[in-house]
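One chain, chain A, links the two complexes that follow: it is found with chain B in the first and with chain C in the second.
Moving on, here comes the complex of A and B:
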């Protein structure tokens, strides 16, 4: 028992040290700008003395934070929802339907899994700007809807579902789409959750693509906006931390509500091999 | 069991949007990258576009900055992969207990994973601030009883890359911890019980049960972290812009720099292709390792989850 308690205490202390940068950000966001830097070298960095919300107000005064936030929310919601639809369709067609070319398409999906986004970011940028397509929300959504990893995760999951599920629906005369939505989807919540979370974790933080694609505030998402805000003179750490604290809130709320799904989703995606 | 001929039509409708997306936004740019790398394509260049064979690759391999970039990626991998994996394993072992509050602790260690890397990079710029009032400097000074000489980590050729590595480890360790934790929880408890009956000490249980059973998650974590080490970009661009003197440049940073700062598209494409080949080799290595002999099992009977670990 004593051993167990001491382990918990030790782990809690480790966690607190580990999360010191997060504490620094949140507490710093409540302090006057000059004190954030001045106190960063002492334990005062973690004392929110004289806390004020001035920095938060300053953020909105200096940049259109709400626009960045809406851009990020809209882009991620669209990528996740469209992605769930498109990729689960594909995974289902590959796992459960018989059609010519099925094997070839499956091979293509698996081959494309190997290509990291960074390897194609620059050519994709030129390909799309040649069409005059840049600096809007759609160009940050459409290219990322179809996703080989998501298709593969759906495919593996559907492959393992018992056939009897569909047979019953088919005897009732349901078509392919109806069977998919009434029988397959309700029995596949874990894989939908996994794909949604893995997609979100990647695109919520995406920086390289908006860096190449956006030129103004119109469609700029949060990860790029925080980096640019940091270089926007005058350098005010309180404001920067207020920006940072606000930008983690949406995912943090999701994470707290769906914590088990987050952990399970990452673990499933990790174990898939 | 099939829907007969209507199957094909339905499949066509279901697969079309995904297939179109994959071809237009992954396969096509990839083919373009390979194609461009064999030309002299350069934005705003008066020279006519022509096929130049492997000349871009010769240029890329002779480019000191590009050499430095791949070297930095390799160093990054050689340091970050073992350190981060060991830390993640240690955390996973410590957190793999059925005790109240463990769920909260796991969530706390996972928390930085949901932070965008660009935000993490910005926060760490302040932590790594120069002078004695910088948090990292004052911490090191405290730990060394005042012997530490404060330095400007991000503008110091020797310290900039380690500083970026530390930032990356901080953000990424929770991800691997979760994967390894799932691996630990999948180990059948009877293996530990059998080992305990045989009188195996904790260290031997770890050595002969935990590690072999954790083989596949460990391979996955090691290979994924290695690949991520070659994909590093955000931290570098935000914290150091590749400097000082290319001390922190990376393959992707060089690709972006060639394409956008110097308009050398063909060269950027060639670097991207070399980068892709590295990632491909790493992936193939993983597949090979995973195909080799599965974890040896110890047979046992009763069940009880994983309290025995570590």
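Moving on, here comes the complex of A and C:
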């Protein structure tokens, strides 16, 4: 019993540690600028007294937030959706189809897992600059569609699916593509949800690449925009919190929608019989 | 409806020995042929070769006289029932049944009609809206059958379709499969490792071992005239008693001594010297009123009463075949006899039995049947 209680206390404290900054941001975004700094460092920081939406209005007045948001939504939607298609195809081909070089490609994919994006960002930047390709949405999408982690997740999930399912579909008259879409995909929701969330979490906050590739507001996504907003005088913490709060919302929504599958996907990855 | 031919088909995986070796077989239109053999002997692989799920390394597979080696599974128009049923988990029973028809782009109305007809045939009507997870093993098996026969395939393939069911259900469904196949007249290849299933279902049975076809024939032929030691030791429960045979000669001709019994060799064997002798448990008879059969007196080791008869294990007067298939350790080095139940016996007793010499089988050094 004592063990149980101490566990609950410990977990609650841990949860508070994670939630506190988010609460601080949301509450701060509702306060007049002057009070944000004044009350920081005291418990008053968590008291949303005299809440107002002024800071949110300020953000839209000072920068084209809706343009950044649209850029981010567009870039991430494209990366996630194209990525699901391309990477699930690749994972399937590696897990199930027989073709020469399959093992070598699989080895390369696994090797690529350990290479961080930062390591190839600069060479990639030079390469694309040489092509004169920069400062648009596509250059922030195309390099990230194919993703070794996603391929690997799909690969291992498909490998664990009973092979007879596909064979039954083939015998029942479905070709490779129809088998994939009518039998494999509907039975792989957890891995699709997992890959969607993991991809989104990564690219929604990507900073280095848009910093290298964008020059104006035209194709600038939220993470870069908030950094620029931070340095845009006058420094108003309430506005920055409002910006941040609005940036978190889309990811939160998607997570809630997909979490049913996502949680199951994480829980069952690797322990399916 | 179709005739199936395997012509010298071999299948090798990577560098491993052939899983199926030089396999030739003709299944005429409408026949129910059972592929029987121990686990791992290549039965499933043979079916999968015919379904187009595997490519033969050598040889040809024909459907109705046409070589189909290069045909995709779709094109072959065969239907398969898998051991684990492989129903589509995300689809209802109705959708599972409709799937093969949808893939063949049949009109909606026809699909609905065919699904209903199949559901009626297999008594699945009440289950149509359920998902596979909500069905019992026997019901899943029926749905798998339904999905196979809904589209009138040229050939039915069944890979141990009953092995995941309990014994009672197995017997019941076995009968249903036989009746269904008779009624539809579809050429069927049925794989099993269960000899009772094979004997009761098969018009003909093909016995396989280590990727090689051992014998092909009607259940009765296989039982009466096994073509080699493997088939002799595989079929029957208990299987044929197999012993090493030393041929002797006297004034009356060649014979083998089985304990005190003198078992004369049939003249049909000619000059061939048998190396092994086989004796079905029912070839040892206790009812020999005229005393015409050679007698042998043996000691009872153990008795298995079965109600309508009893299996009696007796001391073996000859050395058993070294490679005889596994039997219970207790009854190794013994000879099994099938005797009526109304003949009380207990271990340690001696009993005199007659040997039905017409039922004794002989095999040569290589284990091939003689005569």
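Annotations
Here, the second predicted complex is superposed on the first by the 237 of 273 C-alpha atoms of A that agree within 3 Å, B and C clash if a C-alpha of one lies under 4 Å from a C-alpha of the other, contacts with A are read in each partner's own complex, and residues count from 1 in each chain.
The working rule: a contact is a pair of C-beta atoms (placed from the backbone, for glycine too) under 8 Å apart; a residue touches a chain by one contact, two chains touch by 3 or more.
Note that the structure is predicted; figures quoted are calculated from it, not measured.
Touch criterion met: A:175 reaches chain B and chain C at once. In the superposed pair of complexes, A:187 makes contact with chain C only, with no contact to chain B. In the superposition on chain A, contact of A:30 is made with neither chain B nor chain C. Of the two partner chains placed by the overlay, only chain B lies in contact with A:123; chain C stays clear of it.
Of the two partner chains, chain B is the only one touched by A:148; chain C is not.
When the two complexes are superposed, the chain touching more residues of chain A, out of chain B and chain C, is B.
Touch criterion met: A:167 reaches chain B and chain C at once.
The residues of chain A shared by its contacts with chain B and with chain C are 167, 170, 175.
In the complex of the two chains, the chain B residues touching chain A come out as 1-3, 6-8, 10-12, 14-15, 17-22, 24-30, 32-33, 36, 94-95, 97, 99, 101, 103, 105-127, 129, 132-135, 137-138, 170, 175, 178-179, 181-183, 186, 216-217, 220-221, 224, 227, 231, 233-234, 237-238, 252, 255-256, 259-260, 265, 268-269, 272-273, 275-276, 279-280, 283, 286, 290. The touching residues of chain A, counted against chain C in their complex, run 162, 164-165, 167-175, 178, 182-183, 186-187. Only residues 48, 51-53, 72-74, 78-80, 82, 84, 86-90, 99-100, 103-104, 147, 151 of chain C touch chain A when the two sit together in their complex. Chain A contributes residues 4, 7-8, 11-12, 15, 18-19, 21-22, 24-25, 28, 36-38, 40-42, 45, 86-87, 89-90, 92-94, 97-100, 102, 105, 108-109, 112, 114-116, 118-127, 142-146, 148, 151, 163, 166-167, 170, 175-177, 180, 201, 204-208, 211-212, 222-224, 226-227, 230, 237, 240-241, 244, 247-248, 251-252, 255, 259, 262-264, 266-268, 270-271, 273 to its touches with chain B in the complex.
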